[in-house]
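Consider the two complexes below, in which chain A is the common component and chain B and chain C are the respective partners.
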Partner chain A sequence: MGLLLSFFVVIVLVLLAFGGVEAANLQYLFGIIIPYAAFVTFIVGIFYRVVKWGRSPVPFRIPTTAGQEKSLPWIKQNKIDNPSSALGVIVRMAFEVLLFRSLFRNTKTELREGPSLAYGSAKWLWLAGLAFHWTFFIIVLRHLRLFTEPILFFVPLIESLDAFFQMGVPLLYITDVVFLMAVTYLFFRRVLIPQVRYISLAADYFPLFLILGIGVSGVLMRYFFKVDVVGAKELTMGLVTFNPVVPEGIGVIFYIHLFLVSTLLIYFPFSKLMHMAGVFLSPTRNLANNNRERMHINPWNYPVKVHTYEEYEEEFRHFMKDAGIPVEKEE
Partner chain B sequence: MYNGIKIIIGLLIFAALVTFPFYSKMGKATAKPDPKVDTPEIQKLAEKKCVEPKEFMKTEHMKMLNDWRDTVVREGNLIYVSSDGKKYTISLQNTCMNCHSNKKKFCDECHNYSAVIPYCWDCHIEPKENKT
Partner chain C sequence: MAVQPKVPKGISYPDELSKVDYKPPEKAWMDTPVVLKPNMFCWGNKEKSLKAVDFPNARAWSVADEDWKLPENWKEIFLEGIRERLDKYRTFRLFMDICVRCGACADKCHFFIGGGDPKNMPVLRAELLRSVYRKYFTGSGKALGKLAGARELNIGVLKELWYYAYQCTECRRCSLFCPYGIDTAEVTIIARELLNLLGLNIEWIAGPVANCWRTGNHMGLLPHTLRDTVEMFKADLETITGVKVDYSFNRKGAEILFVNPSGEYFDPNGNITFMGYMLLFHELGLDVTLSTYCSEGGNFGFFTSNEMAKRLHSKVYAEAKRLKVKWILGGECGHMWRVWHQYHNTWFGPVDFLEEPVSPITGTKFENAKSNKVVHICEFTSDLIKHGKIKLDPSRNDNYIVTLHDSCNVSRGMGFFEEPRYIIKNVCNNFYEMPPNTIRENTFCCGSGSGVNASENMELRLRGALPRANALKYVREKFGVNTLANICQIDRAALQTLADYWVPGVAIRGVHELVGNALIMRGEKERTTDLRGEPLLGKEGGENV
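Presenting the complex of A and B:
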């Protein structure tokens, strides 16, 4: 259900851009207005969500760790997996954000003959996830060639490394191949593993199809239905310099690609894609395990009304004395 | 906010990175490339036409050059028959660059603009241009 719905939504988005540009000549809408609106939604949405998260109290440190906590001097602490200092936390966060360390510890569970439960290492998700995120990041950086003039120094460097094999013309980018393979894997993983399929919703399929659509339209645009790159850059530079122009005859595939990217930017703050910002706010990763070293005051503490023994005795002294119960003060 | 300073700094760094293209130009329009087709050889042509129509050359020239290279090097075929039936000698230096002798004002104009570094000149000799 979610799968088909998401698939058709992406198809409709493609058709919308195709029809809008080919039939209705809405280049200005799809090339200028929607991208601007999408970018503003993206930034404002992310700020809104992160600030909202920041306003919720930070819980007591949760030491879900895979290493020895700081303890007695002769017990060796695992300074990265169970940090007690800010530096250790930064290293742990860097491993998490850049290398997906938690996902690396992913395991699979199998019920075997016996019956016995078997656990094993499961690294494919980690590998595909890492490949997907890194290639996506490199592809975004590569796109800076369309958004900067003069072009930033590292962009041609990335491009030449990416096109290292010099296959075909335009040169085949390694990241394009890896990216599409990784997204395809992530999709098939969702569909083919029954447990994962059971918990997959439209909110899981839609971003996958959307990103796949962006990748496919980009690849088609670069290698097959070529567009006027100079015209495309005139449009993008017009956007970033606030002198929007719509050059003639760029090619409709460019507008489809741009529209899908705009959709992704608009969808981003409302979706699970916010894990991009959320990963930095993971309480089990970004809090040092110094529970016993420092005093941590519960942030949602409020003054609790207490009734001390002195007050109690004051209130009931008369009855206590009558009943023969010893009291601390006589009067 | 809790840990507000850290979160705000993180958000500001993020915003600074993603809006870089906007403030790096400060709203200044950029000059678009203007490849020149006014070399003496082209002026001499009776009919100022490339081997294929301009629109085709604009998006497909790289693929055509690649195909030319393969047909010459692998099949030894030195003649290209264009879509309107004319025959051309397949040669980057002697056919293409004969007319488009102004590499800096023609090829590089767009290639630099869109960060394309063709590897033609790894093997071929770049035309010597008069520095003006």
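Presenting the complex of A and C:
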């Protein structure tokens, strides 16, 4: 249900943009108003969510320790997987955020006759996830060409590296290919692995289809249905300089692409995609494991009712005395 | 070696139980109501156990009954409980929001591996609660309902939450593999807190909590019983070693307060570990005292609520203060060390009435424990060995071909791997590791942690133990391993039954039991048996069988 519905919603989004621009001539709506609204929602939404998370305190220092802790001086500490200092935490987080360290640990469990359990290597999810996120990031960087004048120095550099194979006209970007492959893999994996399909919600399929739609529309625009690049840049520069203009004849595929991107930006803060920000706040990863060395303060720590020694002795004094255990009060 | 498995009553044979189907059912999980299967859940708490600690909704009830006798406004209480905890725990709020359901955690859980119930996939176990969170606390859940993965809280959902909250041992293995560090233990801890607002606990946890509140230990051992027990150990040790060991309870002015899990006074396996400590302390002439008031290092309150955990453990520092000791030494226990290491300082700090721990024997400063002043016995002992302060004869453990089970709490809640290994390698001649995917941070839970080591849920425990047992079986077949060493009292109490079923012929031993066997003491007679009275290798003809 979630799968089909998500698919149709994305199709409807495409048709909306197509119809809106082709039939109703709503270029101003799709080219200016919606992108602005989307950008504002994205920024404000993320800010709101992160602040909301941040308002909940971290009462306890509970890192998941994944290596030897700091102990006696002759025992070698695993300073990255079980950090005891801020630097260690930064390195651990960098591994986590940039290289998906935890996902790299992934294994596949198999139960064979015997019974005998085997834990095989399972790096595809890690590889596809990493490829997807990095290519997405590079593609976003490449798009800065449309939002800066003069173009930022690193953008042409990325472009030339990305077009390393010098294939086709216009030159084929490696990231475009890898990006589409990775998203497709992530989709098929979700559908084909029974356990993963079982846990999947519409909220898992929809962003996949949406992002696939963005990728496909982008690729179509670049390689197949040519759009007026100069006009497109005029529009995007108009947006960033708060001087919005809608040039004639950019091509409807551009508006479809832009509308899907806008949808993603609007959807982002309200969805699981917030894991992008959330990973930085995760207390099992971003805390040093030095609880016995430094006191961690819980802002809402409160006194609790306890059973005091006096109460204990009061109840058991005669047993204690008979057993020769010292007491505070004789009677 | 062909020892027959010991099959508990009402349980099928291992070859039958290990046929696990991982394929989820056709029907969506939200449309599949929970079935409370016998042998998979623990008995509900007794009325008196909740009353003893002033917990809400104390009443007689039974899990099997249709009516769980909840307060009329139970839904309100539960949802208000969620709201309160969302504001108190960033973990909870974050972990409710950011899961992408990638499924990397699914086959990392011992209960899922051994049982195949899809709701035991950590992601889905968390979704059970997340779905309720979405319905009442998110816009999309309120508006879109089921489509957004949200569902109404009703009695069926509540029973499901209860059933699966006590099918998680809070071992954190899933959290290791989660790309965002989502920790199911944290979700389970909160789910159990919420359930406890409605008086929905299990007796195996609630009973020990009530005992611990009153008597200072889970077992409910009274002061004279504790002394008699240790006196008995002393007599046994004198028979075996010829040495009369000293000990004391509640002695003011001792340098060190020693706190251990009370299971060691009670459980036959734990007894011997405790005897190992006694020999060591005596040989060192350590100025150490035990306490009857603080006769429990473990904390079943931690399996109930954070507040209850704090209430039970306040006695540790209170007693250290009263006895005017310098620092605290802790015994071999898993969840005890999770709590001592990750929570104590926050609950009770600053601990400025004690001194930074220094080993009186080696002069080593335990820098990593300088703030909360508690040292793990394995840190203490490995430091002794490193400095050559104790004499050891590892051949006294030659009957044992040993492997080490890393207990989940000290592994993923502390990172305690080298210390026990260093000790074992010095006190035993035969040590073999289980496969890398099943040890250290990857270790598998015994299947009985977090208070579910009862007997009425034996099938659950056996299933949960399958991955651990399987790795054990591997080294048993490959190296002839016959001993599983560990540093956790739940392991010692629970794993023997589980090993007897899955890998018969393997004995469960505490690390300090092995230390006690190997320790050469001044004035000891020639030992012919180990601390269990079993003849040493080559001494089978001895007098003392």
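Everything that follows uses one rule, which is that the second predicted complex is superposed on the first by the 300 of 331 C-alpha atoms of A that agree within 3 Å, B and C clash if a C-alpha of one lies under 4 Å from a C-alpha of the other, contacts with A are read in each partner's own complex, and residues count from 1 in each chain.
The rule is short, and it goes like this: contacts are C-beta pairs under 8 Å (C-beta built on N, C-alpha and C of every residue); 3 or more make two chains touch, one makes a residue touch a chain.
What you see is a predicted model, and the numbers here were worked out from it, not measured in a lab.
> Superpose on chain A as described above, then tell me if chain B and chain C fit or clash.
Here chain B and chain C can both sit on chain A without a clash.
> What is the contact status of A:Glu293 with respect to chain B (first) and chain C (second): first, second, both, or neither?
Only chain C; A:Glu293 stays clear of chain B.
> If we overlay the two complexes on their shared chain A, which of chain B and chain C does A:Ile46 touch? Say first, second, both or neither.
Touch status of A:Ile46: first partner only.
> Does the superposition put A:Thr175 against chain B (first), chain C (second), both, or neither?
neither
> Between chain B and chain C, whom does A:Val58 touch in the aligned arrangement: first, second, both, or neither?
both
> Could you tell me if A:Gln27 is touching chain B, chain C, both of them or neither one (first, second, both, neither)?
After superposition on chain A, A:Gln27 lies in contact with neither partner.
> In the overlay, answer first, second, both or neither for which of chain B and chain C A:Tyr309 touches.
Touch partner of A:Tyr309: chain C, not chain B.
> Once superposed, minimum distance in angstrom between C-alpha atoms of chain B and those of chain C?
Superposed model gives a least chain B-chain C C-alpha distance of 9 Å.
> Share the list of chain A residues that count as touching for chain B in one structure and for chain C in the other.
The answer is residues 54-58, 281 of chain A.
> Under the definition above, what is the set of chain B residues touching chain A in their complex?
1-4, 7, 10-11, 14-15, 18-22, 24-25, 27-30, 32-33, 55, 58-60, 62-63, 65-66, 110, 113-117, 119
> Enumerate the contact residues on chain A facing chain C in the complex.
Interface residues on chain A, with respect to chain C: 1-2, 5, 49, 52-62, 64-76, 78, 81-82, 84, 96, 100, 102-103, 105-109, 111, 114-117, 119, 125, 129, 193-196, 198-204, 270, 272, 274-275, 278-279, 281-285, 289-298, 300-301, 304-309, 312-313, 315-316, 319-320, 322-327.
> Name, in rising order, each residue of chain A that touches chain B in their complex.
It is residues 42-43, 46-47, 50-51, 54-58, 144-149, 151, 155-156, 159-160, 166, 168-170, 226-230, 233-234, 237-238, 240-243, 249, 251, 277, 280-281, 299 of chain A that touch chain B.
> Within the complex, which stretch of chain C touches chain A?
14-15, 18, 20, 22-24, 28-29, 54, 86-94, 97-104, 106-108, 113, 118, 121, 123-124, 127, 139-140, 147-149, 172, 175-183, 186, 213-216, 222-224, 227-228, 249-252, 292-293, 306-307, 310-311, 314-315, 318-319, 322, 340-347, 349-350, 364, 366-372, 374, 379, 382-383, 386, 411-419, 422, 435, 437-438, 440-442, 466-467, 470-471, 473-474
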